[in-house]
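After this come two complexes, each holding chain A, first together with chain B and then together with chain C.
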Partner chain A sequence: MTELGTPSFKKTVVELLYQLADDDFILACRGSEWLGLAPHIEEDVAFSSISQDTMGHAAMFYGLLEQLGEGNMDELSHAREGSQRKNAVLCEIPNGTGHYLKEPRYDWAFTVVRQFYYSIAKKIKLESLKQSAYEPLAHAAVKINMELHYHILHWTVWFKQLILSGGEAKQRMLEAIIRVEQEFGDVCSLGPLSAEMANLKLIDKEDVLLERFHNSVKPVFHTLSIPYKGSFGYRSGRGRFGEHTQELQHALTTLTEVYRTDPAAAW
Partner chain B sequence: MTWHDGLNVEEKIRINQVLQSVKDPEIDSISILELGMVERAELQDGTLTLFLLPTFMGCPALDIIKTSILKAFTKVKEVKQMDVHFIYHPPWTSDRISEEGKLRLKEFGIAPPMKEAGTTGEWQAACPYCDSLYTTLDNLFGPTACRSILYCKSCKNPFEAMKPVSNWM
Partner chain C sequence: MINLESLEDKNIRFMERIEAGEKIEADDWMPDEYRNVLIKLISMHGISEIMGALPEKEWVPKAPTLKRKLGIMAKVQDEMGHGQLLLRVTEDLIKPLGRTREDIMEDLFTGRLKFHNVFHMEAPTWGDAGLIGWLIDGAAIITQTNMLNASYGPYARALKRICAEEVFHAQHGEAIILALAEGTDDQKKMVQEAVDRWWEPLLMFFGPGDAKATGSSKQDVTAKYRIRSKSNEELRQDFFTKYVPRILSIGLTIPDSTMLYDQKQDKWVYQQPDWEKFKEIVKNKGPKSQERLRLRELSYENNEWVREALAQSEEAI
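Let's look at the complex of A and B:
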């Protein structure tokens, strides 16, 4: 194993792990809010299964952080404030207006586009992480990648079908693409230590990963005969740098209510 | 390499017997051994350490499996203490399911995972009831993370299949 002894190596691994863990954690939470509200019963089953997998991946990354002395993994996932989170802002954005208990007006097009883009970006990162200089992370990437395979198949079907169905569905998808791309720079960002991450061979450079992302998504747009802009922004903030929306804190407060009632409970 | 490499013959027979009695809580015809979840067993001075490979990481059955294992070994006098660890290296792949295990799955109405899946992700599964290959995929995601829902056009039965999980993915 690479010398974890050097403090800068450890610091950089930890930074990367927080991004990976926090992304999966909050997106899995947003996904699970769809339970009972997805377009049909089969989708309810599928989406909750995907969210469960994704939460499992977050747990693996938090587990690696625990091994590095960052603290107990339940605390890392549940007890950290919004300002401490490193997830991309796109992952924390609510599914729509309203609340999942009362009058949820969730946006399925936005959800499909977010999940599709996110899954592809995650796949690109995992392929790179398989060669990571931090071996435990490389091993985790192999395992997670096998599960992610099915998520990508699933979201690709939705992405294509909604666009191909034309009419309002297509219109809403095109709007959702614009909205997701406005935030997507954050998902592709590796944060303040990105140069160190590449130098230490933990993961490839941001621009290399971004190029691979474009190369994966462009052909899909091509077959759908819609233009691919591929220019990504940071409209609501830079989550890797600790900038988040109010919505993240709201979500965490709700999520951790149960946790705080009994932090010692087994999950 | 097999899971019992670190054990002598008697230990292997004894531990094998107990592990064989621990079934998947969601498919109670198949044991965790037949599923290929047991990667390694170490027995030292009465402490048995088991390393298991989860099929899917978010699988809620893992805790139940752990509890069942601990319970099953309380009856074994050679084992005074026990540790169960879930590891993911090597990753569990569906080719770890034994031939016996595939039969057990079929008995339960679940098609075993096919060996070959194309890179497009499309895969075929034979109907566990009539063996027909004239089947279609209804939902990639079934009642548990590791299963999908299919439909047999020959005997007109819906059925479940284990998702193929392999290194090429």
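Let's look at the complex of A and C:
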């Protein structure tokens, strides 16, 4: 069923897989920087479980790239430069000010909104990928989708609870929604090969996916009695086109610190 | 009917239960001494799990491969889970005293509640990340299995689950160490340096042999109430028996030239750690004590608005 014989099919699958893998990889890393710093111990346990799942998903996508001859999955995740990365810029934005080991002043409202929006967008992509013309990707999507159900439940509870508690929490959440929406266009983008992806039936069209996103999120806003704008931007760049912030480079320096000391060694 | 049983009678009946091997539950009557020693032991264990996540957290993003990243993420998550489980056990014990989790955190910040000496130390390389899993968790398995039959039921049950997971952690650490020990010269050097750094903290981990070393020891009370069975020194000897041959077998050396197994005395002879240094470390004067406490304090302060919001939504419900 897969037409890997055609170079354009393979090129398009690879492009899509890099987006999926790089998104999860960097967001899982941002999540793991919260370890020990979450609002309470129970959340530390839950959030680190979600980040671990997300890193696992990244490993599955990098594994599919490895099968397609793109290189070893550790190389793909650790040796590629920032400019080669296809993740959405929203995923690379730091959790707040400071370093994860020194004076971290992390923003829980931004984190909750980013995770909530991201999980829903990811679930919508996965539902579409379950019918992907590239069968190994369709199989991976079925597995990953099961875990996403719980991620969404988790972040929905936080999203609703912080807004419903009103006062400072609501204010912070509303500001975080604006910030996340300013970048969210990039998460919804499928990049330069978007049209080919749809033509080859790898995934649905961007506008179809976007419509599903609005349909999922709008009712949540409605129950919270807050306005849903649903207009998304690319404030800090278009990651699918290789545009990234300095923050990605800083993060990659940390993430690959040990790997780079000897990429050929067995670790 | 009014219960006229005197305090003395209650104490006698309590000790009869202990000696009969019965499990004490959270709502049972218990002497203050028993409650207090449990609070001290379990809150320290719980907070050590949480503070123990911090030295390893440094290595979570830096782990060199996807598999290692996943492994260390899972491990540190387990440690936080143990911390949470143990804090819940402690919360039940402190409830009758009108105290809550907030008080436990407060005690940590003011230094009243101490955490394990090993978690005050530096973990400067990936070798340390492996060594913590292999030997610190290995040491923890030895001390914790010693309490699996603890008279306090909730603690014994929590430990059962914790020990099962610690075994995976030790395997995770061992896998990292073996890869390094079989690796390049730089990797071998990295792991030996980690052993050299952690040897003294590991000896300290089991606590002083007796009260002479540090001026106080809870060993007698915990033995009386059948919370633990072996002494600190017996546990340290068990650790040597299990790990010294393993350390040597992978080509590493132990940084104590005086160490030997004395057949006549049937025990390991070794250089005592500096117990004065130990006393200072657990008073939050270790190399990383303040930095790690600062991380927790900062997160507590930074998330105050979240706690307030949650308290409000609880009220609303």
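Everything that follows uses one rule, which is that the second predicted complex is superposed on the first by the 262 of 267 C-alpha atoms of A that agree within 3 Å, B and C clash if a C-alpha of one lies under 4 Å from a C-alpha of the other, contacts with A are read in each partner's own complex, and residues count from 1 in each chain.
As a convention for this text, contacts are C-beta pairs under 8 Å (C-beta built on N, C-alpha and C of every residue); 3 or more make two chains touch, one makes a residue touch a chain.
Everything quoted here is computed from the prediction, not taken from an experiment.
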item: If touched residues of chain A are counted for chain B and for chain C, the larger one; value: C
item: Touching partner for A:Val187 - first (chain B), second (chain C), both, neither; value: neither
item: Which superposed partner A:His57 touches (first chain B, second chain C, both, neither); value: first
item: Chain B versus chain C as contact partner of A:Glu33, first or second or both or neither; value: second
item: Which of chain B and chain C A:Leu153 touches, first, second, both or neither; value: first
item: First, second, both or neither for A:Glu103, with chain B first and chain C second; value: second
item: Chain B versus chain C as contact partner of A:Glu42, first or second or both or neither; value: both
item: Chain B versus chain C as contact partner of A:Leu255, first or second or both or neither; value: second
item: Which superposed partner A:Lys143 touches (first chain B, second chain C, both, neither); value: first
item: Interface residues of chain A shared between complexes with chain B and chain C; value: 42, 45, 49, 52, 55-56, 59, 266
item: In the complex, chain A residues that touch chain C; value: 28-29, 32-33, 35-42, 44-45, 48-49, 51-52, 55-56, 58-59, 62, 73-74, 77-78, 100-106, 108, 161-162, 164-169, 172, 251, 254-255, 257-259, 261-262, 265-267
item: Chain B residues touching chain A - in the complex, by the definition given at the top; value: 56-60, 63, 88-89, 91-93, 121, 138-145, 149, 163, 165-167, 169
item: Touching residues on chain C, where the partner in the complex is chain A; value: 50, 53-54, 57-58, 60-70, 73-74, 76-77, 80-81, 83-84, 87, 126, 176, 179-180, 182-184, 186-187, 291, 294-296, 298-299, 302-303, 305-310, 312-313, 316
item: In the complex with chain B, residue positions of chain A that touch it; value: 42, 45-46, 49-50, 52-57, 59-60, 139-140, 142-147, 149-150, 153-154, 266
